[in-house]
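Input: structures, listed below.
Below are two complexes that have chain A in common, paired first with chain B and then with chain C.
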Partner chain A sequence: MTTDIRFKPYFYFITALSLCVAGAALSFSLGQAAIPPGEIAGFLMLKSQADGRYHAILKMRVLRMAAAFITGAGLAFAGVVYQSSLKNYLADPFMLGISAGAALFSALAITMKFHSSLAISAFAFTGAILSVGAVMAISYARKFSSYNLILTGIALNSFFSSFLTVVMYLSKDMQNIFFWLMGSLDVRYADQIIYTYLFVVGAACYILKYSHILDLLRINEKTVFSIGVDQNYYKIKFLVIASLICALIVSQTGIIGFVGLIVPHAARIMVGDSHRILLPFSFVLGGTMLIYCDLISRTAADSINFPIGIITSLVGAPFFIFLLAGQRKAGARANG
Partner chain B sequence: MKNSSILKKTWRAVLALLALSGFFYPAFAQGEGEALSGAAESAISFETRPVCIVSSSPAVTEILFYIGAGSMVKGVTTLCDYPQEAKDIQKIGDLNINYEKLLEIKPDAVFSMKGLRANEEEILNSFGVKTVSLDLSSIESIFDSIDKAAGLLKAPKNSSQLRKKMKNLSSLIRKKQKNIVRSVYFEIWGDPPMTVGGASFINQIINAAQGVNIFNEVNLDNLSVSLEKVIENNPEFIVAAYDAKTEEIALRPGFSNLIAVKDSNIIKIDYNIYVRPGPRVIEAVLDLYNRLYPEGRIEAEEITPAE
Partner chain C sequence: MRTDNKGSSNAGNAAPPAFRAAALTYRFEGEDENIINGINFAIEAGSFAAIVGPNGAGKSTLLDIMLGYRKGYAGSLEFFGRELAKVTAGELARERAYIPQQSEDGLRLSAYEYLKLSNADPSKTSCSEIDELLEKLNISYLKNRSIASMSGGEARLVQLVFVLLRKPRVLLLDEPVSYLDYKNQQAFFEILKKEHAERGITVAAILHDLNMAAYYCGEIILINDGRILKQGAPFEVLNYRTLGSVFFGAAGFSNARPGSGGVRGRVHVICGGGSGEKIIARLIERNFSVSCGVLNAGDSDWRFCRANSVPMVEEEPYRPISEENYIKNLEYIKASSAVVVCDFPIGAGNLANLKFAEDLALPAAVNIICAGRDFNELDYTGGAASAYLEKIEKKARVFKNIDEFEKLIDSL
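Now for the complex of A and B:
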């Protein structure tokens, strides 16, 4: 059965891609507004329509779906990079302070009456970058190691979140800050999405070029050193790029947890540890997962959108536990 | 085998606990209900006229000042910013009450808004402080509560003027806009888009201003809303109750076809008077009406009853 191992990744890859396409089709045709199939066909054939409302809704669904995909894909991709660079399986894209920084700054923006969503995004992005920068600078000033980075990240994270609580507590906009923190894919503009795609896909391709170094970073440090790779250089480079991806996404969507932590693990279970396959697979799997979560969040109840962050954990956690259980059984079988 | 027996035991314990809690639940529920109604009854009578009271909500503070009992108010929350005089009164907390501060004042009674905090009355009663809970869930109940507070405190002013004003306003609106009801999408936050449902106080203001909330059939206070539904319902007005950029709302994907956007009917309002179920509720109704029907404007003087 040796052939299994070689074909398994491709099987999963094709499955994930087809699920993604199916999810996109579902996402496009289902929603709060009941749109007759004729209208959908008309939209796809680029026919113009007397009452523009259906077309407007369909256009909105396309934008939303695109936003959902890139959000999930970017977070999952960055999750893999974080876990491998930091050599820590519990690392997620929010570990180095991105979410806390973004949340704090957006809360400040909201408190200062910047209520336009673009302004809040700009603040959140600045906050995310500043906090990651601070974590890196602090740990670089001492002795740069994954261990140091993670501890600094945890400390700064909790400092920022306490500060956020203070801001929320003192602010008259507590409710609005809370809304932002729930995360949302609702209001997306076409050009915003295009720029996000360009950046995230570009950054992902760049890291993919160095996938062999990510493979190395995961193994023993001494071995890496003896091969002659300056691991700190690459570590910082990878972390900076992954952080930029996350900061860009978080600044637009708010905090959507779970995807960046769990999708990489699920992907590892399915296709193994080689980053040449793991990275693109996580990208597709994360995007697919978020398309489905978004579909659930906006169709589960009439007129209401559930916050996407709730759905990702609610749907993702059982699925992941199922995967873990399956893996244990398979392992037991192999051993026994 | 051992594991499974432990599991079984745990399972049995859980089941037993569930059964027990089910058994006691009605008893608990009943006890609570009785205690609450009992507290309300006892609070309504004062042997002597209270002179030192505390308000634990901004709307209640407005009511107490409106009826002319402002001088008796010795404690308010940090959120109480209207009228101006309220800002100088000793603070007893915000959404969370600082009970030490409150007890230090030694009030004759605490006036609170019904349903604002879960067990405020219970805690205060356990300290021996009398509580008066005002029901502010509807425009009518605001007026009733004003009368209740005025009666208890023997205050100079009751709700009669407000009632007259409200009546004048409603009949004037009905006279001016006989057959029109304008549809409204009331947004309290933009990203994620949040709106108010049929159970909210704002929904009543919208109705009173001869508008209809496009989400009034959703029986919730606030909801994170589906923009698809907004587009499908095609509101005539978009009301933003935060510092939104109206141009940004108009530019949202799919919004260009909305009547509200085509007619540039995206308006911003001062959220404070809309969310506070106090005596200024009529101002909110009038304000919203004038924005929805600029062609049939009603001035504040028109509804002020003749002395």
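Now for the complex of A and C:
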């Protein structure tokens, strides 16, 4: 059986992009407040609005959609980098302690009565960087290997999680902490979004330049050694950059699970392991997925915003199982 | 070519060997015992060498050291006359290539995408060269297929293209054909042999199949317990003494025990490929004195006989039966009161095992018992074996299975 696998990436790419645009359009028009299409068109064409209220709502929706996209895109992108660098398809961006560190430090910030979201973000970012740094330093001091990294990550994750439980137990702001932990896309400042975009897109472009090295990290270690590539150097470099992306995102949105694990997987099933395609595709797919998840969380029930993290799992899991089932059939055909 | 090391010991020799080890020793960190134990060997440039030995002998470790992957060895290992530890990773990458034991399982890259990676900077991999090599190996149809969807044999050939694209002087292979069926093993080696000849690549491969090693490699290095037992041409290294001591100890075989009572008579068993084990065991249990032959060393029946101290006529591995051994076997047959011919595959190499049907007058005193499997299935000689077997069958008492055989010998 000859399968030409070349045409498929384009098909998936175009589909994902169309879905993304459609999702963005829906994000504008759907929500608890009904806004006349004329106002939306006006807003998009940057015309001054007759009704300031609409303008404010639409601006909020744009920010939220932008936040949703970059969050999903960044986490999915980092997920691919983590999986390939660690040579482990079960790796996700939170595996090396980012989520636990961010959670612990943001809980500390909330407990210490820092109420500005910027302060909490700064704390969370520091925590994320500290914990992922500790994981890397510890495993580097021993014997640097993916296996070691993952084990150290698991150990530190559970250590920080226990610490977090202690903080929550003692804190009077348990509800606030809990809410932060579930993740939220409420972004108040346009600047924040712009800087996030600049950093994430920049970092992603930089890694994309080395997509062939990520391809190499996926193949036999000794083969890669034999062609003279220093794997550990790139591994560390990629993990550091991916961790920065994640830490930045997590510090602003809280912990949104599942995207960084499932989207890379789904993307691999669809377009294959070539990172030149896989990385940008995961970026788009992750962003698209989060736009839709956000849409659901905003519109599913009147006057309640479901935490986005719950929606990602609720929507993502069945979709992923559907993909896996399809893949097994295809695999059986290929072998038969 | 690079300039040679001034300190090289082979001053008069124009071409230093690809590898030369002197008292090469290696030990895993934190372990007490050496995995490689002060070995000396040389692999000449342009040779095709196999490294053979049982599991745990240190073959893969040795290859890893030769690859430069395992550092910190003691003693000396020269790579084209220069100490390997002093050759930079970049230089090594230009000189030698490697095929690992594992294939790239489940890799969802197309062959083309994968082959592009053969250069650390994929833009330097020439597309036309990829096409040429795929064409040459007759696997152009794999170009756009994903590695994950390929068969083991196809994936291996793609790996071979991968290393050939690197244009190495030395190719190191770690059990390249272990997971392939016989046909694909042959295909792989035929191509490898051809490229070796055309490009003058030095090949060093760990092989488990001694048959393949004997057939394709000009040189065999036999190692056991981190030491080199023998290095040389296949016929020098692979004989029943070395194979017996290294590969086939008596362990692992259930020994057949004789029953009570006196010896009942001599039976000679002609078998091979495991066809004789049960029969010999039954005969021993019933107090027959059993002999066996002619068996190639390494054959599973040969191992069984060795383990049970059954006297036999032995032939060197993978070699046709010699005149001398044939005559020895006839002596055994003549001295026996019965001959059992088992259902074993017969090719040109072991056809002489049946020739007794022609050369002996088959006196009535000799009972010949044949397994009644369809001999046409076992005949790989184009009829010669069947002719002998027909002759034998006329005078024989035929059994179909081991139970019938037991009844037969009980009636003897």
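Assume the second predicted complex is superposed on the first by the 330 of 336 C-alpha atoms of A that agree within 3 Å, B and C clash if a C-alpha of one lies under 4 Å from a C-alpha of the other, contacts with A are read in each partner's own complex, and residues count from 1 in each chain.
The working rule: a contact is a pair of C-beta atoms (placed from the backbone, for glycine too) under 8 Å apart; a residue touches a chain by one contact, two chains touch by 3 or more.
A quick note: this is a predicted structure, and the numbers were derived from the prediction, not measured.
S.K.: Aligned on chain A, chain B and chain C: do they clash or fit?
M.R.: fit
S.K.: Considering only the touch criterion stated at the top, classify A:268 as touching first (chain B), second (chain C), both, or neither.
M.R.: second
S.K.: Using the superposition on chain A described above, determine whether A:18 touches chain B (first), chain C (second), both, or neither.
M.R.: In the superposed model, A:18 contacts neither chain B nor chain C.
S.K.: Of the two partners chain B and chain C, which one touches more residues belonging to chain A?
M.R.: The partner making contact with more of chain A's residues is B.
S.K.: Give the angle at the C-alpha centre of chain A formed by the C-alpha centres of chain B and chain C in the superposed arrangement, rounded to the nearest 10 degrees.
M.R.: Computed from the C-alpha centres, it is 130 degrees.
S.K.: Is A:56 in contact with chain B, with chain C, with both, or with neither (first, second, both, neither)?
M.R.: first
S.K.: So, does A:219 touch the first partner chain B, the second partner chain C, both, or neither?
M.R.: second
S.K.: Looking at A:165 after the superposition, I want to know if it touches chain B, chain C, both of them or none. Which is it: first, second, both, neither?
M.R.: neither
S.K.: Could you look at A:229 and tell me whether it touches chain B, chain C, both or neither (first, second, both, neither)?
M.R.: second
S.K.: Taking the superposition on A as described, I'd like to know which of chain B and chain C A:184 touches: first, second, both or neither.
M.R.: first
S.K.: Would you sort A:29 into first (chain B), second (chain C), both or neither based on which partner it touches?
M.R.: neither
S.K.: Can you give the closest approach of chain B to chain C, taken over C-alpha atoms and in whole Å, for the superposition?
M.R.: Taking the overlay as described at the top, chain B lies 28 Å from chain C at its nearest C-alpha.
S.K.: On chain A, which stretch or stretches are contacted by chain B in one complex as well as by chain C in the other?
M.R.: On chain A, the chain B and chain C contacts do not overlap at all.
S.K.: With touch defined as at the start, can you tell me which chain C residues reach chain A in the complex?
M.R.: Residues 64, 67-69, 89-90, 92-94, 96-100, 102, 104, 107-110, 113-114, 116-122, 141, 144-146, 148-149, 162, 166, 172.
S.K.: Name, in rising order, each residue of chain A that touches chain B in their complex.
M.R.: Touching chain B: residues 31-33, 52-53, 56-57, 59-61, 63, 113-118, 120, 169, 172, 175-176, 179-180, 182-184, 186-190, 254, 298, 302-307 of chain A.
S.K.: With touch defined as at the start, can you tell me which chain A residues reach chain C in the complex?
M.R.: Against chain C, chain A makes touches at 1-6, 212, 215-216, 218-220, 222-223, 225-230, 268, 272-274, 334.
S.K.: Considering only the defined contacts, which chain B positions touch chain A in the complex?
M.R.: Checking each residue of chain B against chain A gives 79, 94, 188-194, 215, 217-218, 220, 223-229, 231-232, 234, 242-245, 248, 251-257.
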